[in-house]
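Here come two complexes built around chain A, the first alongside chain B, the second alongside chain C.
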Partner chain A sequence: MSAATETRVSASRESTRLIARRPGARRAIRREAVFGYLMIGLAVAFVTVFTLIPILVSLGLSFFSWDVITPPQFVGIKNFTRLFSDGQVLSSFGVTIVLAIGIVVLQIALGLLLAVLVNTRKHKWTKALFRTTFYLPLLASTAAVSIFMGYLFDAKFGLINYYLNEIGLPSVPWLVNPTTAQITMILIVVWQQVGFTFVLFVAGLTSVPTDVLEAAAIDGAGAWRTLFRIKIPLISPTILFATVVAMINAMQLFDQPFIMTKGGPGTATTTATIAMYQTGFQNLQFGYASAIAILLLVIILIITGIQFLAARKLVFYQ
Partner chain B sequence: MTTTEAPSAVHVAGRRRRPAVKVGSIVGMIVLILGAVFAFGPLLWTLSTSLRTPAEAFTNPPQWIPTDWDFGNYAAVFNQIPIGQFFLNSVIVTVLIVIGQTITCTLSGYAFAMVSFPAKNTIFGIFLATMMVPLQTIIIPVFIIVRMLGLSDSLGALIIPALGSAFGTFLMRQYFMQMPRELGEAARIDGATQFGVFWHVYARMASPAIATLAILNFSGFWAEFYRPLIFLNSQSNFTLPLGLVGLQGNLGTGSISVVLAGVILAMIPSVLLFIFAQRYFVEGVTAGSFR
Partner chain C sequence: MKLSSPSGRGLKIVSNTVLVIIGLCFLLPLLWLLVASFDGTANLTLKLPAPFTIDNFTSVLTPSLAFGPLWNSVVISFGCAIITIVIAVLAAYPLSRYRMRINKPFMYGILFGTCLPITAMMVPVYNLFVSLNLLDSIWGTVLFMAATSLPMAIWMMKNFMDSVPITLEEAAWTDGSSMMSTLTRIVVPLMRPGLAVVFIFVFVQAWGNFFIPFVLLLSPNNMPASVSIYQFFGQYGAVAYGKLAAFSLIYSVPVLALYVVTSRFLGGGSALAGAVKG
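Entry: the complex of A and B
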């Protein structure tokens, strides 16, 4: 992409230089620039006021103590030193990372499995039917999902424990016990989001060139070898993209644990974003909450960076 | 030597593998059907339970396909909570954001792709960088700005901050970049203005990208919970997701089927849109991947 932009930029510069020799051309260039600025004006204004400035303000606020009522007080890096000795906040980041890893691993593995299986189906309508079915959960809002999953996973009256008992298994204390509550969160998020990775992988697998697959078949490669030696390496850029997006989303997990358990039992499902919400919007410690928000940003950037570095060895670009 | 051996080897391998492929195909189908059951089951349960009377909502096993449909719960949602109001609020917020972003992102995406002006790449680079920042990191300053603008506890608090989008700009730019520049140049020679070229030539061709962006925004903002939770206080301003969660809290376990009727009602617009524009949902999922 960058190479293409560069050539385009240099080409346009070349042409500007050529045009610039002609009379009146300079005015045309200026008019084009004015037109360009007018066109991006609205988007730039909104992004500046509601994203760019807030990033800087958030960074600034993390060095202040502020309760909204009295004026902010500069406290230096005190928010950050407090953060790193605050057991509750640190545990919320631990919870976030544990849940995120569980979600991403399952979401990628299941999405890939289903995509590979659907991809091998020959009938068009079979493919379409499964594609629609796996996408359906994404049409519900996270709030709606949290509501009906709360009923289904209810430890006493829930349908899931009912069916477990029917096949002779004991009830599971889904949202009651800290460990199972974390597992339940992972399952619920994966249930809804797996359609996203699935659709991505189906698109990737469909774009694997058929002549490569035919060549592999002629060379006597079986289904498994074709899958692991050809298909998966060829769609590895898509897998990287899906992993990064799923990870960034999972690190921001809020709706499901907030609605279903309010972060409980105890603090078992209190994610970093819930801790930030409680600190900022319930305890009105806006400075400290900003420090948590900045730490979240830094961690997301680091994890994304690690994924891209690791991908250098694993991802195969054509 | 090899020429005589090779075909027979392939032949033998092929014959030996054929039953394995068949077994694999059947196992694969079973896994897919299991996956579909798990994906669809909770949604079907929600639908069938919303059609049962509140008294028998929590009796197991459920009647997966209800024989006598009871739409009483759907009437009850409208009587017990202002779901009509929530619905209207959600429609206003979502529609205005979709229209707003379509305008701002189409204009800016076109300029970043087709128009040359100083500092273009720098500005676009800053746009790209902001895409990495999670909403939670900027929510406190946005909350403060919304208050300064006098928008607290109003639908404007949700709409106005969402009218511009770095991602939407990126998406539209990608699409305009693929279009041939010659068309615009020809129109310019024929005397079209800069804006005329955009409006009459390129904007018309961008409708698939606009549809993708609109669908992405619709699904995102229709389902949004976090910003409404922070920006809204009065129930009369609640959007559907926030209202439904409140409904669940207020009514308790006695009226599960009523709550689920609300959940189904909230899903109807998404499902309808999905039926008619499935292609753009899929485009939306793959649109973000960098190439």
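Entry: the complex of A and C
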């Protein structure tokens, strides 16, 4: 928490002490404390019922074999041993990690580049224009974007190949060839989501204190140096936040590949979530699907943990 | 970045070119969407609508195709956002104003909660919904979506609340105002921009969410627009570009309107500042 919060908290303690001088105030304070716990408790209960319990159930289910129709059968770690020898599921995790890394790296780099470029615009309306442009796709629903991007990137009849041919370039097998399908998927996801990181970075860059920038200018730091030595270190907490959020989202990628390619060609874009969906909701192997979900959960937690550990060295807090 | 150094002019040209090219990559697909929606014979080329027509809109705007799903989307997103806001405000207030033993572990718990993948819960949630008879119930879906958006909402809400000065509340306390009335009469009105940001954040996420309603809802009557657009245009291979474009535009209008309204009084970028403070 920031220093400002600390002072405010101590200020609130100050005022509690003020009230405490009133007769009967002690009881009032205790009542308020109970009330405070209740207010938080509501949120805790809600989150527990709908997310924590399901995750625990998921963990439990991953040790059972269950097809919904017959009662669950305890199978021990069989689901997990099967998982680690199941080529298709393992490949879906490989696909997920490749796509997630591609998406996060591109999204952070592009978001930072765009934020820095837009932030140097002097006119208010050009800033607003670019901000809206990069933010618009984020407002469209993923399903709608996936469907019309699927049309645009269609290898035979798509708009993009049509114009490539018009200017004398050969058609690109966008979603047909496994490698290009993965690249196309990354591009489309980043196209839609970069607005989020972009807005975060613009907000971060705007809040870089001007006295620091002036001091740098007086000391003769050029544009590049100011950017890499001052601005980026100062907004590094924002970069960490954006990276962590983008990574968690990218690891759960489902909508775009499911709608555009159904995980194909072959299994080139079958992400772990798609594999889980197919195993559970299509093949009715709920125990095995839970095992996939738990493995995904563990991998996401590990990756997030690594990011926070790396942040200890890289992130600069004021 | 100061661009007045000797190499400044070259740098400026490069940066302008890059910005314009990337900007075009973002705008052209949207432009195609706009143009195609008014084109009677829309195909996959970017051209001015040959027969300019609003037929695409009129043929899409039917009860079963647009109104029903859009209404469901409104109910789901609005319900989800309202429930989330109320619970988040209640939880954020003690977290922001009182020094309690559970504050720190709770905030870490919240951070952890935002990291949990929703997909990992879908299988047991599906089974939970089956056993509670909530499957295919819009309100069940709303409750679940509200629960998944709560951690992030509480996190943002607490940070917004921290930036509301405490002096006014102290005055209210010394005047004998209770905690609840201080919250509803002083804090909530003071943090309206923050409330708006969290509301929009949750609303937009719920509006575009595909996976949760896709799994938890079954009957076409209950489907929000995000799923129905997939079922109509994605699955049956109906290559109806103009109609798809028209539907996508109609579908995006509410969210666009929200964005315009909020960026007016929030100034765009600062909108998400509450999420990164701290």
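Note that the second predicted complex is superposed on the first by the 274 of 318 C-alpha atoms of A that agree within 3 Å, B and C clash if a C-alpha of one lies under 4 Å from a C-alpha of the other, contacts with A are read in each partner's own complex, and residues count from 1 in each chain.
To be clear about the criterion, a contact is a pair of C-beta atoms (placed from the backbone, for glycine too) under 8 Å apart; a residue touches a chain by one contact, two chains touch by 3 or more.
Just so you know, these numbers come straight off a predicted model, no measurement behind them.
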Room on chain A for both chain B and chain C (clash or fit): clash
Which of chain B and chain C A:207 touches, first, second, both or neither: second
Touched partner set for A:49, first chain B, second chain C, both or neither: both
A:252 touches, of chain B and chain C: first, second, both or neither? both
Partner chain in contact with A:284 - chain B first, chain C second, else both or neither: neither
A:226 touches, of chain B and chain C: first, second, both or neither? second
First (chain B), second (chain C), both or neither touched by A:169: neither
Overlap of the chain B and chain C footprints on chain A, listed as residue numbers: 1, 5, 9, 12, 32-33, 35-37, 39-40, 42-44, 46-47, 49-51, 53-55, 57-58, 61, 110, 113-114, 117-118, 120, 130, 132-144, 146-152, 157, 159, 162-163, 191, 199-200, 203, 222-223, 237-238, 241, 245, 248, 251-252, 254-255, 259, 273, 276-277, 280-281, 286, 289-290, 293-294, 296-297, 300-301, 304
For the chain B and chain A complex, residues of the former touching the latter: 9-10, 13, 17, 21, 24-25, 28-29, 31-32, 35-36, 38-40, 42-43, 45-46, 49, 58, 60-62, 103-105, 107-108, 110-112, 115-118, 120-121, 123, 126-127, 130, 132-145, 160-166, 168-169, 194-195, 198, 219, 222-226, 229-230, 240-242, 244-245, 248, 256, 259-260, 263, 266-267, 270-271, 274, 278, 281-282, 285-286, 288-291
Interfacial residue positions of chain A with respect to chain C in the complex: 1-2, 4-5, 8-9, 11-13, 15, 18-19, 32-33, 35-37, 39-40, 42-44, 46-47, 49-51, 53-55, 57-58, 61, 68, 110, 113-114, 116-120, 128, 130-144, 146-152, 154, 157-159, 162-163, 191, 199-200, 202-204, 206-207, 217, 222-223, 226-227, 231, 237-238, 241, 244-245, 248, 251-252, 254-255, 259, 273, 276-277, 280-281, 286, 289-290, 293-294, 296-297, 300-301, 304
Interfacial residue positions of chain A with respect to chain B in the complex: 1, 5, 9, 12, 16, 29, 31-37, 39-40, 42-47, 49-55, 57-58, 61, 110, 113-114, 117-118, 120-121, 129-130, 132-144, 146-152, 157, 159, 162-163, 166, 191, 194-196, 199-200, 203, 218, 220, 222-223, 237-238, 241, 245, 248, 251-252, 254-255, 258-259, 273, 276-277, 280-281, 286, 289-290, 293-294, 296-297, 300-301, 304
Footprint of chain A on chain C - complex, ascending: 1-3, 5, 8, 11, 15, 18-19, 22-23, 25-27, 29-30, 32-33, 44-46, 87-88, 90-91, 93-95, 97-100, 102, 106, 113-128, 130, 143-144, 146-148, 150-151, 154, 162-163, 166, 169-170, 173-174, 178-180, 204, 207-208, 210-211, 215, 225-227, 229-230, 233-234, 239, 241, 244-245, 247-248, 251-252, 255-256, 259, 263, 268-273, 275-278
